[in-house]
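For reference, chains read A, B, C, D, E and F in written order, and residue numbers begin at 1 within each chain.
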Amino acid sequence: MAATPEDFFNAAMLDQPRDTKASKVRSNVTNINVINFPGLNTLGISLARIDYGPLGVNTPHIHPRATELLTVLEGTLYLGFVTSNPNRLFSKIVKKGDVFVFPKAMIHFQMNLAHDKPAAALSSLSSQNPGVISIANAVFGSKPPISDDVLATAFQVEKDLIHWLQSQFWENNNY
Amino acid sequence: MAATPEDFFNAAMLDQPRDTKASKVRSNVTNINVINFPGLNTLGISLARIDYGPLGVNTPHIHPRATELLTVLEGTLYLGFVTSNPNRLFSKIVKKGDVFVFPKAMIHFQMNLAHDKPAAALSSLSSQNPGVISIANAVFGSKPPISDDVLATAFQVEKDLIHWLQSQFWENNNY
Amino acid sequence: MAATPEDFFNAAMLDQPRDTKASKVRSNVTNINVINFPGLNTLGISLARIDYGPLGVNTPHIHPRATELLTVLEGTLYLGFVTSNPNRLFSKIVKKGDVFVFPKAMIHFQMNLAHDKPAAALSSLSSQNPGVISIANAVFGSKPPISDDVLATAFQVEKDLIHWLQSQFWENNNY
Amino acid sequence: MAATPEDFFNAAMLDQPRDTKASKVRSNVTNINVINFPGLNTLGISLARIDYGPLGVNTPHIHPRATELLTVLEGTLYLGFVTSNPNRLFSKIVKKGDVFVFPKAMIHFQMNLAHDKPAAALSSLSSQNPGVISIANAVFGSKPPISDDVLATAFQVEKDLIHWLQSQFWENNNY
Amino acid sequence: MAATPEDFFNAAMLDQPRDTKASKVRSNVTNINVINFPGLNTLGISLARIDYGPLGVNTPHIHPRATELLTVLEGTLYLGFVTSNPNRLFSKIVKKGDVFVFPKAMIHFQMNLAHDKPAAALSSLSSQNPGVISIANAVFGSKPPISDDVLATAFQVEKDLIHWLQSQFWENNNY
Amino acid sequence: MAATPEDFFNAAMLDQPRDTKASKVRSNVTNINVINFPGLNTLGISLARIDYGPLGVNTPHIHPRATELLTVLEGTLYLGFVTSNPNRLFSKIVKKGDVFVFPKAMIHFQMNLAHDKPAAALSSLSSQNPGVISIANAVFGSKPPISDDVLATAFQVEKDLIHWLQSQFWENNNY
């Protein structure tokens, strides 16, 4: 079956704010990648729109296969990434129209600094299938869970706290 | 000298419309790539904001090293690309919030369909140094010029027409 | 089914001149790539023999996926390529036994300078599937055609001239 | 200066157990990569020996640029990795002589299951400079620290707990 | 069918010595690569355990798609590789715990220097499918054989010697 | 210093036969690669002209970094390559104008079948720096030499024969 112009098109509605209220962390990520836009296959690029409610956070996460280049669409963000060991933080407060880059596979995050209005960003990713590993979810919410011996040692805390964290993230992940 | 957060940041003002009136083709491309944002080096991604005046055209061109993923920020665009031989055109009319992808090294273009208002787009490119070859400029405006024998044969026209086209594009390229 | 020596062999007759008289531009390109020699798949290389009649032209074109390394087999050629913006022309007159390289995805061309005898070249390409975009054909002969608004603006000419160019190339492309 | 056989050699003493008692998590990783073995440059491979004391843990971490292929030299390990979203855990108990692979940039860990004796593993990594991001250290011990607003939201806990975790990891990182 | 932890695991018994007596060259290579461990596919890494009897030799060979990073598990080895022209030998005597690297596609070998005890090594390879070309076997034992005219000229010896070498290696290769 | 057209040009005289009489194996390879044509750097392609005297042989060798695509310019050649284990020979007799491909890093060779006239070929290689490892030279002529214990075991012959072969190739390599 021959390709058509529709194969290279996606009615992504990237101009439209998404709801951030259903999220415990007050943010919402809309991915436009090879999973919902198959025409990107082999082309090495994808997009994401990120909406932040007041004080909303796109929590620390990693894209294992992509660099991310973020542009602020609306509002003011505190954002940063942590380098491979030694763990230096590179952070910055950025405004509408600014650009910031998160190098491939580094832990990074963004937060809307406003108490009273939303923010939004558009990110370009250097892979059609960048993947995402949300740190807190992956560590405390994986199914099945990681052994509490490993996590108590890693975070240097009592197992009770690990169990409590796991119970929170476990219920989060309703997939 | 150690890296700082500023190395990963660019005050690109990508939210701000650029002037399109100084251009014969009524468009203006703002590139954010490794040339003006060195922190992108080796990271495999860059951006461009494209402003279109009424009926403005981003004329047929090629990025030799990148796929381009375009999002419409404002207005309605007619856009498309031509495949490697055989030369099929894949074109589409796209609106604010829509996404369209131009595969690596294909000839592509966009045009603002409105007679009375501007349009704008944001493009992600899968290289920190995508390059651009504007077809008409490269063929008729190169310095020094391509021989009129080659061009008259290629376009199957009289040399007088070639000379006239060259004189137009030659004065265009004041670099 | 096991591979045999035939899978790595192609009776390409690359020593034999091809007819250049059937072509409006007085040239003929014989490609030996993965399309007619499947054994090249994944191997990252292909060949082309180019025959030029008197004053024959291999018109300005692009290989989106390959560098081309040309050797002159017979005659004297004027050849060149145009860089990504700014559009500089790198051209040269080359003779039998000379070698010239056209970097990946740059617009390039060759022309036989002799009025009375043929020329020929052998080109190596750094992809098993280099692709080719002939500029004049892609811009004026695509099916369906690119809108005359876009082309008139791009080439800074009247639509009548665009229509006339399109009619010429349209009939060319009988596929 | 010409290369010598010494450039391709490293007296790594990979047969010798390392001390695990100085570590809060009772493990010790010995890296043999381009940083201490420059001859590996451009060669795309490196090694690590991992020693585990009784119940020692190689805590959850990521190699941003490498797949890791682990062989158990001594003892019995519980190990695993978490996939990109959705966050599935792939875990396994492995014994001396067994092999397990952690795909590129996935969060992974190992733990010595014995209460009374050490364990050891040898890992091959598919990069001369794989990098390592220890999750707990990167998130709670980065310098400067990540804002407590971001971390409290990400882990869904009070800021007091975040501060306590940060104080622990901050003193850990004496670099 | 969903992946399971078993897909990333191989009970390779890499701690156990293999028999070296059945081999004319007194060595035995155990490969753990994508052929017997499919989970390595696309991951860019594999392993081999090499056992050497007294004076055993892993004869000169090439991995066309991988660099090899060798660690001595037991004993003392004489090993080396020959560079691309000019043909310099980089050799070294290495002991238990030492590391040596053979760059991609260079001819290399190892030999157990002890007359009375075995040796062993563990090698990491930078491809899931490194391939191996044993020089003597490939040149004298290929099926069908390379013409004796080519081999007598290449090795500058009489055809009788070539035939004798071919008869030896031909019977070796019972596949 | 700005690039000029000369940087992309090489007066390689590839149309001219080279002397094959000074060579013990009656052949002569003229390489046009990044070493003598720096403009090829990063472009991923190079060339070689091969001249064969009567019964001349381009002896078994490997290009560690390139596939080779050969075209016969003159005469009739017997040529082939041996696959990675198992060692199958893919050979063929090819004539003027024919094309044959030797996949990356496989051992390959060519021989002029004529007793009384020369032959010639032009090869394209998929790297600007393909490298070459001539098997007999690398194994018997390296400097310093590979230990005779290794070679006697590898080729299953007496050390006297190894010494004799080494003496031949050692004097060959006057670099």
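Here are some notes:
Following the convention adopted for this analysis, contacts are C-beta pairs under 8 Å (C-beta built on N, C-alpha and C of every residue); 3 or more make two chains touch, one makes a residue touch a chain.
None of these values were measured; they are calculated from a predicted model.
Averaging Cα atoms per chain gives one point for each, and the point farthest from that of subunit E is the centre of B. Rounded to a multiple of 5, the Cα-based rotation taking subunit D onto subunit F is 120 degrees.
The distance from the centre of subunit B to the centre of subunit D, with each centre set as the mean of the Cα atoms, comes to 45 Å. The mean-CA centres of subunit A and subunit F are about 52 angstrom from one another, to the nearest whole unit.
One finds 30 Å separating the Cα centroids of subunit C and subunit F. Annotation for subunit E: residues touching 2 or more other chains are 80, 91, 104. Taken chain by chain, the contacts form a single closed ring in which each chain touches exactly two others. Traversing the ring of touching chains from subunit A and stepping first to subunit B, the chains occur in the order A, B, C, F, E, D. Interface residues of subunit B facing subunit C in the complex, by the touch rule stated above, are 24-26, 55, 57, 59-60, 62, 64-65, 78, 80, 82, 84-89, 91, 104-107, 109, 111, 131-147, 149-151, 153-157, 161, 165, 168-169, 173, 175. Only residues 3-6, 8-16, 32, 37, 39-40, 43-47, 67, 69, 71-73, 80-81, 90-92, 94, 96-104, 122, 124-126 of subunit F touch subunit C when the two sit together in their complex.
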